[in-house]
Amino acid sequence: MTRDELKEHILKKYDGLLTPLETGVFDLMCEVKPANLTKVARMLYDDEQLKFDFLNNIAGVDTGEQFEVVYSLSSISNNLRLDFKLVLSYDQAVIDSVKDIWTAADWHEREIWELYGIDINNHDNLKRFLLPDDWDQGYPMRKDWDAPDFVRMPEL
Amino acid sequence: MGLIKKVPVYAEHVPGGGFVATQLESVLSHAQACSMWYLLFATACCAIELMCTGASRYDFDRLGMIFRPTPRQADLIIAAGTITKKMAPRLRRLYDQMAEPRYVIAMGGCTIRGGPFYYDSYAVEKGIDHIVPVDIYIPGCPPRPESLLEGCLHLQKKVKAQKLADWHEK
Amino acid sequence: MAELRTEEFLVNMGPHHPSTHGVCRLILTMDGEKVVAIEPVIGYLHRAIEKICENRTYPQCTPLMDRFEYVTAMATEHVYALAVEKLAGLEVPERAEYLRVIMVELNRIASHLIFWGVTAMDVGAYTPFLYGLREREDIMDLFEITCGQRLTYNYIRIGGVSKDIPPEFVPKCREFVKMMWSKFSDYEGLLNGNPIFLGRMKDIGVLTPEAAIAYGASGPVLRASGVKYDVRRNDPYSVYDKFDFEIPTQPNGDCYDRFIQRLDEMKESLKIIEQALDNLPEGDIKCKVKPKLKPPEGEVYSRIESARGEMGVYIRSDGTTKPMRVKLRGSSYNHLMLVPEISTDVLIADVVAIFATLDIIMPEVDR
Amino acid sequence: MISPVFAVGELDGLFRWLNELLVSIGLPQPWQDVIMYAALSATVFGLLALIALFLVWWERKIAAHIQQRFGPMRVGWHGWYQTVMDALKLLQKEDIRVATRDKVVFFWAPVICFVAAFSAYVCMPFGRGLIVADLNIGILYIMAVTTFTVISLLMAGWGSNNKYALLGGMRSAAQVISYEVPMVVSLLAVILYVGSLSMVDIVESQSGWFNWFIFRVPFGPIAFVTYTVAAIAEANRTPFDIPEAEQELVAGYNVEYSGMKFAMFFLAEFINMFTVSAIAATVFLGGWNGPWLPSWVWFMGKTLSMVFLLMLVRWTYPRLRVDQLMEFAWKFLVPVTFANLILAGILKYLGYWE
């Protein structure tokens, strides 16, 4: 299945759930409403034609205006690639966990929770792990984050 | 401190003891310098170069340096690689667990001043010299095995030049 | 007779421990010698590379990529360069692609040699470790005459490579390949059939294909479980579609299979290097890249097959000279998640073997 | 009462001179004995300390050359006094006493280990007549005394109040007790044949051309192999070095010991290795017997060859796991050695090779 065929399939079968975006420069990039996340994930996993069984990556992004969470999926059996993302406003930074569908999401979600402060529903293992145990300086990957001992690179 | 170290101190009060003491001093310092056992402590990139230095081509063992896994039996920490804020208390603890006399080599830019992670990093300790006292700094990212060997030779020189008075301070 | 009461106790393995390959900490709940539960604690090498990248221009990020995964630094540079080239729409000259492939495959062999030695060391045989490093030194020599560095190369740049190879590289590389082919019989003779080694490795830490896929295991770990999936073949990048090589797999997914898998992959890498040297085209080594590179707005997740598995980088560009977000995906991150999963009903010595054969290195986990 | 056989043979003159000196100054009889024994012990102790230091250096050189390195090169010719320097350095190191230790146990563990390792040499025949005391229960005594090492390791593990050390101590107890059985039983086959426990008797029964037990009797080679395997385990060396498995237990039982106490463990380990090799040389390889050369050269040559074998094994093989180690001892070595013992008994009964 090429990228265009995949796009067609998604437009046909996932109308309203997955909205293809133009920003994906190589693989197909779609947008999902945060409320639909677990439903879409389950559908993508169960769809016989797609069968996205392999979660490559989850990346949290702070664009300066909103949060985005980007999921990269691939299918081992059908050899496909797909990215989709959730857009979250700062005051409603909550997503559902997809740990039940892809176990690999466990630590990736934990990391987003820890570094961005995005809350994860239904995740039983939300513990600090990358930052020191006594860390109290907030969420360092946010764009507006600052701390007294944080040295910025001077503009040349 | 081992009992043997007291010997030169008392020997000074005996006539002719000064000569014995200086001879003993040089022998003991020489022994320390020639058998520097290093702790197997490695965090990041420099660890690979540390491994290579211990391996066939460069061979730490020529200088009498072998690794010990436990800090109790080591004389030297080669802090190879970035020390993060989370790791810093552990480094201090390992240093505290070592038996006197103990030495520290800061290997690589990260341990000296944070290296490439000095700017814009919220997690890296900017230099290990405010965690543990450092004897030798080896710059590089990572330093070549030759630089590490040179650093160790410098440390040996430093240890060999130790005086009686230093022992009580250390 | 009253039943003996036994108590579980915690053993803290790491962050400074000889067999956690750096600074991983495993909290083991043990019942005597038996391991009841494992909890990995990471972050002791979290250097915030992703945060730093957000404040650097695109070319300035390349040296940081070396430090993200220093055992196969070429692969990390490669995946980053590929991602930025996709974003900016750059066409890389063919010679540069061939050079990249040669370097990455050499680095894969170097990484597997370290794996081979370290695994043997973790099960108690110290000597193979030094044999592995001995051959690795020859690869380091090749890198050194090319880019002047032994570990953090900064060789694969956006749009090509930094320098052309010197004239003596090709004969030296051929010599190395020839030497390496002759070493496999030594490696196999030293450990493969050794009953002690087999006893330590066979049927330990069995990873089923289903679990491997669910946990996002990739690379040799996934293939050792019998799943024939290799990014080089399934999602070809660079010029990998021009080479003829096998994708070895193993049937059982235990520690021994993962060990053998890497030996097999070294042979495939040698085949690729031989073909690349034979077909090395002439031409430019770098395409024109503006000093102030400003890729258009967009986002890309680019992935390659590194020595440890799928290495990915997600880059989000907002049209300025600095990336808005760089997210690095190391395969060890997922493999470390596997450790508690496959370490059921094992002894403490098996945990060491499992940890070693998953080939986890910590910078890739902590970044 | 055991009658002391003062050293005769190569060192004969020296000790006879000392004895005559003591008689001439008119010391009473008990004091003469005490001084003679002290002189003998000092000689053996000094010799063993030198051997241990030499073995450490030799091991490092062998390891280095197996691994295509040089090993110590900087102090003396090929670093020949490297281990002297190591010992001097360890003497200077701070003696760390962990706050949570068990004071008595922690202190006595290295001492017992050291003493146990050395006391085996009371009845070790270094050459013709070169023996401190030819006990009539010689080999039994050696086996009994060397087993004390395990108690000290267990004490070290317990006294350190460290989980790694405790695991190491427990492992060593389990291991040494398991391997003691096949080790003693494989020696029993020879003892049954000789009919004496005295080390000197065992050696003398092997005098003559190729009369060594490894060649002479059909059960000899089997007993030799099983003994060697058990001996490697007894000396805590790879592939049976699980009590101090570096990759698992950091340094095992000696993880909390520093300075001189660690040096005592370290030297005791090498002395133990020399002990098991010396027993193998005495019981299976004919001890001091051999043509042309002085007897002690033969003994040392044979023993050091055994040590060399142990070192080659140490730097080649991976380490067994603890359960595999036990299985190997109880399911393989013990049955084989007992079968061998029965074979030896039958042959003895039938008068074979008498």
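So that you can tell them apart, the chains are marked A, B, C and D in the order they are listed, and the count of residues begins at 1 in each.
Heads up, the rule we're going with is that a residue touches a chain if its C-beta (ideal position, glycine included) is under 8 Å from a C-beta of that chain, and two chains touch if they have at least 3 such contacts.
Computed from a predicted model, the values in this text were never measured in an experiment.
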| message | Quick check: more C-beta contact pairs at B-C or at A-B? | response | B-C
| Chain whose mean Cα position lies farthest from chain A | D
| Most central chain by CA mean? | C
| request: Give, as an integer number of Å, the spacing between the C-alpha centres of chain C and chain B. | output: 31
| With chain centres defined as C-alpha means, what is the inter-centre distance between chain C and chain D in Å? | 45
| query | From the C-alpha centre of chain A to that of chain C, how far is it in Å? | reply | 24
| message | Counting only residues that touch at least two other chains, what does the list for chain A look like? | response | 130-132, 140, 152-153
| Multi-partner residues of chain B (each touching 2 or more other chains) | 55-56, 69, 86, 119-120, 122-123
| By residue number and range, which residues of chain C touch two or more other chains? | 17-18, 43, 46, 48, 51, 55-56, 130, 134
| said: So in the complex, the part of chain C that touches chain B is made up of which residues? | reply: 15-18, 22-23, 43-49, 51-52, 54-56, 63-64, 66-67, 70-71, 114, 129-130, 133-134, 136-137, 140, 150-152, 362-363
| field | List of chain B residues in touch with chain D within their complex | value | 1-2, 4-5, 27-28, 30-32, 34-35, 55-56, 59, 61-64, 66, 68-70, 72-73, 75, 97, 99-101
| note | chain A contacts chain B in the complex at 130-133, 137, 140, 145, 147, 150-153
| note | The answer for chain A against chain C in the complex is residues 23-27, 29, 53-57, 59-64, 70, 72, 74, 76, 79, 81, 83, 102-104, 106-108, 129-132, 140-141, 152-153
| note | Counting only contacts in the complex, chain C reaches chain D at residues 9, 11, 17-19, 33, 120-127, 130-131, 134, 190-191, 194, 196-197, 199-200, 347-350, 352
